[in-house]
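Dropping a structure here in structure tokens format, bear with me for questions.
Letters A, B, C and D mark the chains as written, and numbering starts fresh at 1 in each.
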Amino acid sequence: MSRKIAFIGLGIMGKPMAINLVKAGHHVTGFNLEQSAIDALVAAGGHGAASIADAVKDAEVVITMVPADPHVEQVILAEGGVLESVRAGTLVIDMSSITPQTSQKVAAAAVAKGVRTLDAPVSGGEAGAVEAVLSIMVGGDAADFAEAKPLFDALGTTVVHVGPSGAGQTVKAANQLIVAVNIQVLAEAVVFLENAGVDLAAALDVLGGGLAGSTVLNRKKGNMLNREFAPGFRIDLHHKDMGIVTDAARAVGAALPLGAVVAQLVASARANGDGSLDHSALLRGVERLSGREVK
Amino acid sequence: MSRKIAFIGLGIMGKPMAINLVKAGHHVTGFNLEQSAIDALVAAGGHGAASIADAVKDAEVVITMVPADPHVEQVILAEGGVLESVRAGTLVIDMSSITPQTSQKVAAAAVAKGVRTLDAPVSGGEAGAVEAVLSIMVGGDAADFAEAKPLFDALGTTVVHVGPSGAGQTVKAANQLIVAVNIQVLAEAVVFLENAGVDLAAALDVLGGGLAGSTVLNRKKGNMLNREFAPGFRIDLHHKDMGIVTDAARAVGAALPLGAVVAQLVASARANGDGSLDHSALLRGVERLSGREVK
Amino acid sequence: MSRKIAFIGLGIMGKPMAINLVKAGHHVTGFNLEQSAIDALVAAGGHGAASIADAVKDAEVVITMVPADPHVEQVILAEGGVLESVRAGTLVIDMSSITPQTSQKVAAAAVAKGVRTLDAPVSGGEAGAVEAVLSIMVGGDAADFAEAKPLFDALGTTVVHVGPSGAGQTVKAANQLIVAVNIQVLAEAVVFLENAGVDLAAALDVLGGGLAGSTVLNRKKGNMLNREFAPGFRIDLHHKDMGIVTDAARAVGAALPLGAVVAQLVASARANGDGSLDHSALLRGVERLSGREVK
Amino acid sequence: MSRKIAFIGLGIMGKPMAINLVKAGHHVTGFNLEQSAIDALVAAGGHGAASIADAVKDAEVVITMVPADPHVEQVILAEGGVLESVRAGTLVIDMSSITPQTSQKVAAAAVAKGVRTLDAPVSGGEAGAVEAVLSIMVGGDAADFAEAKPLFDALGTTVVHVGPSGAGQTVKAANQLIVAVNIQVLAEAVVFLENAGVDLAAALDVLGGGLAGSTVLNRKKGNMLNREFAPGFRIDLHHKDMGIVTDAARAVGAALPLGAVVAQLVASARANGDGSLDHSALLRGVERLSGREVK
């Protein structure tokens, strides 16, 4: 069933996602601060809007995909934002990665206008967005999730309803926690193995085949072996996410001893100028701590 | 080619490994402090010996599989041990998980007697030993590894030569480091998700499908969801292993900020009486830290 | 020189501070949500007000002393707050312990109204407030500090100008960081010494006499020896402060590896129900980690 | 009462200690591998020996002061060592800083020869040794401590009996734990304060006057303010000591979350080439983590 979708935020992630919705047969009207991304959407068969109000006024579904909490507040809650112009009954799906608290604030503001919301952050990066193989973690009402499911299926391959409003963001935060820690310990292992004179490539092969195996090891071992840190997922963004997860864990009284240490190490990487490198560059921090020359 | 093998140490791991060598067509003579394990080997087509000296005197290859460093020193280096009775030229393969330092000490003592050695610790646990699907990380000379390869292939599915003497132990230590950290961060994520009111089973499904996925998550999520901690791999043993990896990293000047914290948390689990539980019971420590009732 | 002072917030700290200003000869008009504290100030020779507006309208100096950031925003910035009613040129001194960011926000809002501000958090607790022996860390302009110095001298014995707006809060945050860590490591040492069978009282004596000596050791060793944890300074408040220091350090790119771990341990103490105990009760957390019965 | 004392190990610490015993009226015979130190003792009124055996053969009390565990084993337990030549009934006082385990091993070996022992490590550094103001932590029998007390009083000002054999070393280990952590958190605070633009010297003054005050802050703030890291106490030695304390805590089941992190940071300082600097140079590690130029 073709839906009328407004898509706000056509950045590195949002643009290919919007285009995938067009490919799936939907009527997608996009808005973005830079016109070039709108042009690309139009070229792919979508439509452009001159403002958020213009984009959402006839939409059945609104999707937002912006960098961080302040942007979500701006495009949904602020003057000129989605909630000002959207029709009652519309389903607003925020796919940005933000704090659970902001998602819940958005949900509460929407309820007051008769608008339904889902928080649906994604994992998988630019490649996952382009190839429509994202993982999507969704918080909100089960009925709203069911309605949105066909749209999510056009964007990703793992689509799961994980709980009420904010739960999608919580799971995304947990995802970033696990990923950061798995990368960091792999980096510690790499420096340990190299310092001990072990054949690193062979060691990573055997480690990957056992209980130490992980998606991080599979996907990032090349970066570590070759000291090749083009992103991928930037340390600056992971730093933002570690702020979200440590705050959210504090809010619910969960202890994160490893998470707290990793948050410091991610911050340290950023302070050392590695913010625009792939998060596998946490290896450089372990090298600094170990007194090695960092290449 | 059938080999004459002496197998010292027929415990939970050693007994099924020795039997798998018999099944592969080798002549295996076993020695163990408890006679019952020798009887089991004989029943499976192997042979028994009355002493280490008796077991190794005609062997082409000696395999040792004992719990920790002192046992290796006892069965290989001490009076009445392997090096006292073995013929020059024999290949001694220690498959115990010990410190790289002790492996190197064994290798040096063996060289002085004209005996060759490999360190070849394994990963995969009792099930892996029984089913002959162990991962085997081998340190020593490449030629000796090549000679032993057919024997290793009868015991495991991932068999990798990772470097000189001690390198096998180093890789095993790195394996235990990564596994402990991956379990601990999964436990932190579980408590965080539960405290936040998320559907944990759904969340772990979506986490497992993305960059946060790992063998630990796949194999241990059932333990965590059900609070079912029958080992598996006991915390007491992982505590021993964390001692090995922190000492070995210290010796080579590698920083392990996460490793050091996890070592404390594994020790804490043990101090709280969880030593005989599976290492996934690190979850109980996070629950304690988070003020939750531990079931 | 007697000054006309408005004092907003007559709680555990504020009330004795206001009374000390009366004793020093100043004309002090207090406002507090609960009338009983105002009555106490009046009984001591001060004056009461019916509202913030009423208290500040004729004041030369306004002092605020409230629990946390939201209260400061409420009493200074919000409708009905200090900045709405105060005369241009007045000096507003916030002595609450809050984030440097909020202090800077207050300062910026005040400048827009022609009002001068200092941030002047204190250390020393209720006893220090009553006995007028507080340490006071002051951020703001040097000239404003010089003007306020006689007032501070009526409240404390160590009064230091540490930098521009927010600098007082930054130093207070550093104070809480150091105190939390010094308490935690003392607790670790206590459990280590007791587990090892050492005479703890004798050991703490000798430790206190050397490079390990500290004010924390002097003042808190009795709490630890006797497991007597009546506050003093409550863990709940130190938890709030660890949130301030970790956020503030993150904002300025400073690494706090110990601070991050301690923040988790303080949060853990709170999650375990120790929030209303003295911060020396961090000892109980080390006992939990070490598998000891916590009395 | 003048005693006949053999003093083994006339290094940076041992030489001034032996001379202080001479000044107190004792008959001191010294032995050292380098003759120049013996000459200095003789010049101060002491006596020289050609070997350990020569030094101890007529001694009522033997004092050993050497760098680490292997040296203690060498000079006391090995062939040609103290226990081989000393008379039954002699009191052997080891003032080296070593593991409690080695002290207990020495004590057990001595008992077998009818020799009494005390472990009596010191704190206070070269200056403390020269000025006879050391802190001395003593493990062993109370009667032996009482006999040795007059000798200790010639060497230090804080002399405390803390428990049975090994207890002195345990307290010394706790001392080094607390000192390392107090230095590290001071370093974290310094970088935080500087990054935030605070007047550091003023801030340290006010911090020192409150609950954050410590001997470390008093003695090391100059090093930190001036980035002047001439030892003092070298990071290499503190690294050795962190190995002792983490091992000893592990042996008695005490959790050291901060201790474990600091041990990594001390090791990191050493790996970065700061091993011969004063331990206050942990500041350089915080600067590295914070991406600052390290001067």
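A few remarks follow.
We take it that a residue touches a chain if its C-beta (ideal position, glycine included) is under 8 Å from a C-beta of that chain, and two chains touch if they have at least 3 such contacts.
Small disclaimer: the values here were computed from a predicted structure and weren't measured.
Chain pairs A-D and C-D differ in how many C-beta pairs they share in contact, with the greater number at C-D. As a whole-number value, the distance joining the C-alpha centres of subunit A and subunit C reads 39 Å. Centre-to-centre separation of subunit C and subunit D, using mean CA positions: 38 Å. Put simply, the C-alpha centre of subunit A and that of subunit D have 53 angstrom between them. Subunit C has residues 253, 255-257, 261, 264, 268, 270-271, 289-291 in contact with two or more other chains. Chain-to-chain contact here is organised exhaustively, every possible pair of chains being in touch. Per the touch definition, subunit D reaches subunit C in the complex via residues 100, 123-124, 135-137, 157-158, 160-164, 166-167, 170-171, 173-175, 177-179, 181-182, 184-186, 188-189, 191-193, 195-199, 202-203, 205-207, 209-217, 219, 245, 248-249, 252-259, 261-262, 265, 286, 289-291. Every residue of subunit C that touches subunit B in the complex is listed here, in rising order: 257, 261, 264, 268, 270-273, 288-292. On subunit D, the positions that touch subunit B within their shared complex are 243, 246, 250, 253, 255-257, 260-261, 263-264, 267-268, 270-271.
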